[in-house]
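Below: a set of structures, written as structure tokens.
Below are two complexes that have chain A in common, paired first with chain B and then with chain C.
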Partner chain A sequence: MNNLNIGIIRKSEYVLISVEGDLDLEGAAELKALLKRDFSIEDSVPQDFSHLVIDFSGAGAVSSSGIGLLASLQRSFNNSKKKMTLVKIPDPLRQSLIVTRLIGVFRICDDLAEAIR
Partner chain B sequence: MPSNNDARKCNGARNSGAFAHGRILVIDDDESILAIISRFLSSEGHEVICAPGGVEAVDRFKSEKFDLVITDMYMPGMDGLDLIKKLKTINVNIPIIVLTAAGSISNVVQSLKLGAQNYMTKPFKVAEVSQVVQKALKTNQMFNFRKDFFDASLDHSRSVFILPSNLEHARQVTNFTDRLVGVFGFESTWMIQLALMEAITNAVVHGNGSDENKKVTVVVNFSKERLEISVEDEGDGFTTPDPASLKLESDIFAPSGRGLFLINSYMDELFFNDRGSKITMIKKR
Partner chain C sequence: MNSNIADRKSNRERFTVLVVDDEEYIVEFFCAALKTWGYNVLAAQNSQEALAVLANYRVDILIVDNWLEEKDYGKMVIEEAQKLYAEAICVLITGLDFGDELLEYCEKNSVIFLQKPIRSNELKILINNVVEKSRKEKEFRQDIGVARSVIENNFPDRLPAYEKTDFFAIYKPVYDVGGDFYDFIELGPENCAFCICDVQGHGLHSALFANSLRIYFRAFVEMIGNDLGVLTAKLNRAMCRQTRSNLMATGFFATFDSSNGEMAYVNSGHEYPIIYRSGESRCELVTSNDMILAIFEEAQYNCRKLTLEKGDIFFAYTDGVCDNHNINNQKFSLDSIKSIIESNSYESAEFIGNKIFSEIKKHIGANLQEDDLAFIILKMK
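So, the complex of A and B:
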């Protein structure tokens, strides 16, 4: 049993996913499955999907599995020319993105208002 | 009245006695709240430092020692939850009290999950402030007493876990180790916790193929100088990489292949047994 809770807010301009708890192997698998089931996001992103915003303000540890999911999601969004934004990432995740040279790959915002602009 | 430009000292008094006194960092963007709290706590003999926002508070917290933090939840820029996370990254043991508006129970729950010790709902009575602050300071005193005791008396500790291949058990081990990391005064606790989580996940999923009949043995050795953790699975083993030449996948968007790289980045030393079924990680103090 993992400790991840995922909140979803659907707006016409964006979908906000709030991640609360650890994005570890099981958490990443759960988030991946949810994105596939509810939004058909997998290797590509549907044409009618506008913008995915992932809010990390309630997130705990993000392991390599969580980072791997974010990286592969970003590839899908790039391939489909769609927008994905990470909001309020915790300092340890920021450091892991720097270490894994992924920090420049993502659109990262410090607050939600900026993210959904 | 506190300045909007920087964190500053409001009062320097510090007494001794049964009543616990401490150095308290108070953060609120509302100057009137800041003034009321600082005036009251100063009158009780605490040393109070005020900050009008999270950024100023973090700057101050990085370079000074505090016994307690009291922070508003809703502030422009860095909010209370962000601030708690940043402060806990710097000092996981600092007690934090959250000030919140009535009806904001979800944020209170989230702040407690992030490690806040208690909360007060606005508008609050000064008697309540005194009571909550006393409780937090006395808990902190007890923690420091224990820490001093362990620093002086505990030479080393060895814990051995034999786990089924199940990630929930792995979480219990990382939580246990996290507490010992604090007892032995290691910094960068999240790095150690992440490295341990990665190593156990590798052992459970890749080493043992998530077969719950196969065990994962985790040995955690703490001493004053270093932490050594080994994680061994019962699988067939792997061709082990040379830690000195560990590289990231050429495909930057690859969904996997970063676990060992992160362990190697966050721990000071890393080595494997010949069979490739055991990883040993060392973090020096």
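So, the complex of A and C:
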């Protein structure tokens, strides 16, 4: 069992996923399964899906598995020409994204209002 | 179809069942049924007889009544069987009266619980199922063993031995196999290509991915040689195309000339290596890097250069070196590694490597290792 809680808010313009707890090996698998089950997001993103916003304000540790999931999601969104935004990422995650050079790949915002603009 | 039947029969024939019950008619019932189904059968009518049989014969399946000699000695027989034969399947039989603690005991000790009265078909299905499960688990363990040996055999069996450079490398996975690896490919009498990589996750899935990465690296070193930017871009494309598993990897890829200390390298999202500069008696980080591997096919990689002078120490590692926590949930800090290197800079690469590893082990203490770890050291003599 992992300690990840995932909140979902569906709006017409975006889907907000709130991540609370650790996005580790198990957490990443859980989030991946949820996105596939509820939104058919996997290697591609459905045409009618507009914008995925992932809010990390309640997130704990994000392991390499979590980063791997985010990177592969971004790849799917890029390939499908859809928008994905990360909000309020914790400092350790920011550092990891800098080291892995993924920082420039993601759209990253400091607050939700900016993210959904 | 026929071969399956033959296999199943031969599997049954290989299994030996010990039946222990102090009621003679029950022992006879079990023995007759099990023999008919093709098992080798041993029998005992009290706990002492059962212990004697266990001491003298290998037992694959133990079927034992919990209540022997008016006491719950069945559990004692099970404990002895599990001690002697770790893979033995144990079935505990009981009458109608039993408490929750017996069920808890069975759950905790991986013991199958069976309540009297027992029907012949029920026993047959149960035994056949556990035998089949056991056979599959054994096959799986053998497959893991084969995978492990294939992966281990791909680790270099020796490190380069150059006049001016001292090498050390270590790899400790969490499970039998893992996603971290290093490799050294000797290109000439004083130069080599090497890498240290970390595939996301642990276990067989990561290990197989890591093995592919290593094979591509070796092949591309042969094909492309020193042009590490091109080599890493090709490596990245190959890994992107090879997998749909959403795994990613980081890596530090380099060529090194021991005669002059020149190192050409690409860092694809990997932990920043440490260099101890003997002239300044302090450590610095090699912070230039490029994109991680196996995510974006179009990623570009830049080959950079550095030079190691006499007495300099180069330390490259995977994140497991720092990411394993102690009992206070603290990581092993990069500063600790720098401090060990700085205070032992006059020692050999092997001494420094063993010192760092023993400090990591001390740090983890009673905790379980959480992440695969690997590191390499080059020291200019």
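Assume the second predicted complex is superposed on the first by the 117 of 117 C-alpha atoms of A that agree within 3 Å, B and C clash if a C-alpha of one lies under 4 Å from a C-alpha of the other, contacts with A are read in each partner's own complex, and residues count from 1 in each chain.
One rule holds for everything that comes next: contacts are C-beta pairs under 8 Å (C-beta built on N, C-alpha and C of every residue); 3 or more make two chains touch, one makes a residue touch a chain.
Note that this is a predicted model, so its numbers are computed, not measured.
For chain A, the partner touching the most residues, choosing from chain B and chain C, is B.
When the shared chain is aligned, no partner comes close enough to touch A:7: not chain B, not chain C.
Contacts of A:72 after superposition: both chain B and chain C are touched. In the superposed pair of complexes, A:64 makes contact with chain B and with chain C alike.
Within the superposed three-chain model, A:92 lies in touch with chain B and out of touch with chain C [touch as defined at top]. Once the two complexes are laid over each other on the shared chain, residue contacts for A:46 go to neither chain B nor chain C. Of the two partner chains placed around the shared chain by superposition, chain B and chain C are both touched by A:102. Counting contacts by the rule stated earlier, residues 25, 64-65, 67-69, 71-72, 75, 99-102, 105 of chain A appear in both its interface with chain B and its interface with chain C. Taken in their complex, chain B has these residues touching chain A: 77-79, 81-82, 85-86, 89, 110, 113, 167-168, 171, 190-191, 193-194, 197-198, 201, 205, 248, 252-259, 261-262, 265. Within the complex, the chain A residues that touch chain C are 25, 32, 43, 64-65, 67-69, 71-72, 75, 99-102, 105. Chain contact summary for the complex, chain C toward chain A: residues 198, 200-202, 244, 246-248, 250, 269-272, 289-292, 295-296, 319. Residue ranges on chain A touching chain B, taken from their complex, read 1-3, 20, 22, 24-26, 57-58, 61, 63-65, 67-69, 71-72, 74-75, 88, 90-92, 96, 99-102, 105, 110-111.
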